[in-house]
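What follows is one structure encoded as structure tokens, with my remarks underneath.
Labels run A, B, C, D and E following the written order; every chain starts at residue 1.
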């Protein structure tokens, strides 16, 4: 019902943008409640995604990266950041993507970088979604005081300026991937919690939940077996958005030198590329690959997300451009719309 | 207003010397020299000192003082002030100003513990008396910038004043068109050597980091580029070989790899030496410092002290040269045997592993640490680079909880402070008590005695003699692992201004933050 | 067409202790923020009893509080005051709100919307199996399977439908599943909140017939909530009329709809489209009536501000013969002259 | 009104929580500003000066609750203290000197991205399957997937260095004085283009898709069909009936974003050497400049809350349904 | 097939629908929602269209106003309004045709008001667009309209959510008659309302029809309501019309089993309680043939003798009733 490629809340740095999803600060949004009753949510979603070209392209890109990340130690054994004497070489048969000013093989750095970037992205994604689910479900199911309290906490976290918080947290915790992950979860969970809460709330008010209560089900079971399965698509969307957020924010932090500089990751590759003046020396091959990888992974995730939206909300599905009235009376909407546009 | 566009000499007459400041994203109108972050040029072109020491050549230029006398007992110095020096508001410089400056300095910023009194004698003589003979004092007091008493004594809280319209004796004192991103300093109308104010003024540009400043330099938008420029031949010089040049004299502070000597195995000099021998300083300077720095020798002294170096020590260095074999041997002998996996273990059976701490924002030193860590693998030692925020790193240094780290060192005209802070017992504090200099916590009674002699030594020849002995001691004890002399970055573009210091004419360095900067400012002239 | 006349009430109706008794049930919903004192009065002092094997219809306009009553009784909502007696035991006092499975094994609910009351994520089997499991009705695997098939048969569905998902079923079939799910618990009482209003006209009657069958064959008591007077008359032994959160009239279904006493009931009856009878509906009259009844100046049961009765507690007037158990609670009601009935004080509302 | 009061209450609590966090966070950071400064000066500063500097900067060693009470008092009185890294400039002055540019850059980018993005979203949804609807979303999503700083650096290098179309740094040319002259305004405008454009490029896809999807949902609403049945002109249906309703969620995100504009666009500022609050904050954090950090945090929090509150009020105007509740 | 329809009011039909077929084209499969449906409505006539949910009633209504949206496609047939070919209209012509000639009260009229515009604005929109009145004049007329449906004109300034469901419904009805169209389509105008309000609304419509004399296409699945209100009616099943006749005829003598089931689903309010059966659960009709005249003016789709049996699965002859239990 909403897309998860969000307008940048800070209009500033998309890299460290939070996964704020459906805006709706308490106010009813048209269409917010109009998510059609999912048809057998899980199977339908998977099936829908399998037949959706967008999802397939996205999944393919993502799988390639995951495979590369897993195979990195095999493809490029040894320390990818090993410093050698072959500095600043252009791409060649020996070094497909050339070398950095420190003589590191850019290809090895890029592929090894996928490991940490994907690890952080996925961990942050899963963890913040999990927190979001717990908070959202508890909020929606128990309502009343618990909801008030959890919503307050969520909203406060949403209102805290994200980047400053990131910067401060990243600076004072000991360096390491763990810190980066923790910091990103702390700043990232609230967005997903809000989205999931509003969805859980709308499912909570469905009769089947009341029916489960009447039949004597316990709270935990209702939350996880009755409500949760019906949120599959929104959980998936939130998850993807959080992964994108995690990857982007990690890169942003690292670029500022606030990450763990000693790991090999895409953000750090860019940090070092900047430090070594890759652009000034015209060593584009140092600068381009990691940025492109981040973009491709984010793009792949966004595509899948987009597809999830389409699958769960048939209205968003792409429709073929209408052929001019081969059949009498195509849709009225189209004719009026085109008229409106030519008139202007 | 690119320099390249205005090659005509008349344009150059009015051109402003444009200098980037790479670590201030924005300027604040604050020209108070006591501010922790002083605006650029405050101590270079607005206020001046009594004398200027030029480390590139090792000579001293009299500046506001024309001459000085060191008392025989070494317990006082008398400076004679230059005649005809005026503050930019037209008032004359008097000895009272000097005395007041030191009074203010001690009150606000402390230091100068050895200083007993500063006594003006008449209007043009001022005498500094010390508690004990203190030979490093000459440059210490001589290079402090002097403030006008008539202005500063009128302020209630001098340290809290923003000094928006500074009054100084320097060549360019008039602040104009002040913006957060740039400001201009125009000529001091009352400068004491008006013939040397050949350029129309100075323009400072603010940058949030090296990248921006480098871009400006590469693009030819600035005349002087004192920041680190990666691969300078290619990114800077190559764009205009005729006019662009750089010079990185090794006159900066010695950059050391410090090992926490309160911890095993670093308490063992053999280990320190062995580790030092495992480090490939050529690679360190090449990778970490883009090849701009000079590898250290076992005197521990940077290029700043070339004239102080003991040739006997310098020419027979063993432990500052790469020698993996010897390093392995030393470690084996010291009892840190290699295991089957090629990794050494400590005497308590734990693996020979430690951290090298560097602040995350110092990417050059991070590379240095990475190279060292990589080098150490060859001797079976595992060093992990730890790079939290500088604040955390320094906190570890101060408390003595760190394993090892890359640090700067003192850089005075005299080598006293370097040896004092690397070997002087007086500077050693127990672990857990904060210290601000001897982080590695190494004290040496032999060195203590020599240091005492040094401060009491009146003439330079005697000081040198003691310094030689200190170097021998340093060579024996290896309190630190010296890596390389910090280079004084500097590059320029002489399209509009000529007269820059170079290796052939080292009248100053190309630093914009050094006492010698004013020498450059008063030498440059518009290209005709 | 057949002309069989259906029995007025099941044989067990009205004998002995009622299966469910509601006494003085009130419910107010707070509205607005934390600091607000505003509230909506959804139910006010409702007394209603449900005999064993009896179907009682609760009719009333939209928003009159019918669902709220059902939800309170099903303990989905906590009543503000009042008692709910199941087999004579006050369940609200006995244990914590929402806590008691024992209560739920006696009382089940069927919801209005069969499309919403079955979780689309589960198979039909899941709903029935869970109901059995929660209330300890599940035996061995084979026994359970047998029981499941039995249940499906009871509500007239094929057993192979157990493996279907709700979206594969038609509305009527889903509502049958919902009923089967309630039956799995083997309850004494079923609350059915407008179980047919979301269904196609053509299948409505099937559900009504099923409910009737369950009463007749299994002796289950039911509260049938609807705003469709005709179906209330068709199905229920007794009918209670609700207006603005209060019961205003109650009686044997046939009698009540033949002789509606309360003006509001009359209004309702007149509004039902019936081709066989020309409507005597007067919208202006209705508007006046509603305004009068809702006016705070007038007594809760009194549409006539000229005849204030605030000093007097509202009373129940008996209508017609005592057999009909037909009463009305309104001062507007005046027994016709010469009629056998007299206004009797049956009970006072405390 | 009661809606607004309720929101106000929430904002007050949120404000208190944030300022308390804001108070606590820097105090958990290791080290203190002076030794931090010492480390950064890398040998230029004399160790003897450290204690004096501590005293001068008033690095606090009182019990934490006393500091907290003081802090709250200062916030109420609007006194945010003196910046440590920019000593002795008051925090308010440091912020004031930067905030204008931050607002200009962030505000311009936000307004352009939101307006253009939403318009594109409206058009795409209105003409499903048309050119805008098929081509733009994937393209914008792809562009929006790039790390922001990467795109900014690339753009600066391409348009600034190679093509020379755009200024390389700063908010206006060095020689100029800010003034209401055409010369200055056009110059500042030219400096704004590239930084703002990169922000717009990255964020516009989100706005567009968000709007498109809500708009598609809205288009299926009965009142749109009704408007069509009424024979209204398509433009009127599109804007007054469909977009007017679909806009509501966008308005909320716009409010959020508007508040966060005050936080500055850190990476942009660094890449384009644009003056602004974001870089200032990074600097404050790295220099452990508590007062400045707190001042900035406070400003940002207040701005976010204020923006949200304003949007809430505006929302009430836009969506009459909220008024009732 | 041609049906000589008897129009109630005049002899000239206002609306003539012939062999209308509408398909919903899906990704995987298409459904024919309306299948070769023909009927006509005379001037001043109230024509009822009944049938279960999903049988295509709204689709027909939307086709008449050309309001179908993707994925709906009109696959065949014609719609003529006062002689004009509705399906052939150009965009501008269509825009003028809507609301001036045919107006419609939607199934969910309560939701068909724009929540962010006042009722007044939504009414004046009609006048400013179609009649070109000034804002002031439009407002005056809007006030009159509201009075016509007995809503206080001060409500012009109200937003839809501030009105009760019944009031909203009446406001929409007022809007529908604003331009005095010759045909008014009422798509289940009262299903969401309670009986009392429902009755009020129907009374209102009758009154207006009496006053303004437009024809009505009245869609509902409530047979009692329909019989009470309309002159002539058609019963639909699965996209086809299975029976059409005078309302009274269908009430007294429904012929098609489906019609009988519909009639049987409404227990009477008077008389003895008689068991009703309705349509057995799961019973489906397939391949319904074209209508044939059973008695004068009474057309029924032929159905087999086995029609009433609700159990046998199996071969589907034309006109048989398929009793698949699933």
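Assume contacts are C-beta pairs under 8 Å (C-beta built on N, C-alpha and C of every residue); 3 or more make two chains touch, one makes a residue touch a chain.
Computed from a predicted model, the values in this text were never measured in an experiment.
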Query - Minimum number of chain-to-chain contact steps, chain B to chain D - result: 1
Query raised in the report: Does A-D or A-B have the larger number of C-beta pairs in contact?
Result: A-D
Query raised in the report: Rounded to the nearest whole Å, what is the centre-to-centre distance of chain A and chain C, using the mean of the C-alpha atoms as each centre?
Result: 49
Query raised in the report: Just how far, in Å, is the C-alpha centre of chain E from the one of chain C?
Result: 32
Report summary line: Whole-Å distance, C-alpha centre of chain D to that of chain E, is 53
Query - Residues of chain C whose C-beta touches two or more other chains - result: 34
Query raised in the report: Which chain D residues reach two or more other chains?
Result: 29-30, 128, 153, 220-221, 228, 233, 245, 270, 286, 319, 321
Query - Multi-partner residues of chain A (at least 2 other chains) - result: 30, 171-172, 274, 319, 322, 332-333, 336, 338-339
Report summary line: Seen from chain C, its contact residues with chain E in the complex are 1-6, 61-62, 156, 158, 161, 170, 172-173, 176, 200-206, 209, 227-231, 233-234, 254, 257-258, 267-277, 279, 281, 283, 286
Report summary line: The answer for chain B against chain A in the complex is residues 210-211, 214-215, 218, 229-231, 234-235, 283, 287, 290, 360-361, 363-364, 366-367, 370-371, 374, 384-389, 391-392
Query raised in the report: For chain C, which residues are in contact with chain A within the complex?
Result: 34, 71, 74, 76, 98, 101, 104-105, 108-109, 111-113, 115-122, 127, 130-131, 134-135, 165, 167, 178, 181-182, 185
Requested in this report: Can you check the complex and tell me which residues of chain D touch chain E?
Outcome: 128, 220-223, 225-233, 236, 240-241, 244-245, 318-321, 324
Query raised in the report: Which chain E residues qualify as touching chain D in the complex?
Result: 62, 65, 67, 69-70, 94-100, 103-104, 106-108, 111-117, 125-126, 129-130, 159, 161-162, 172, 175
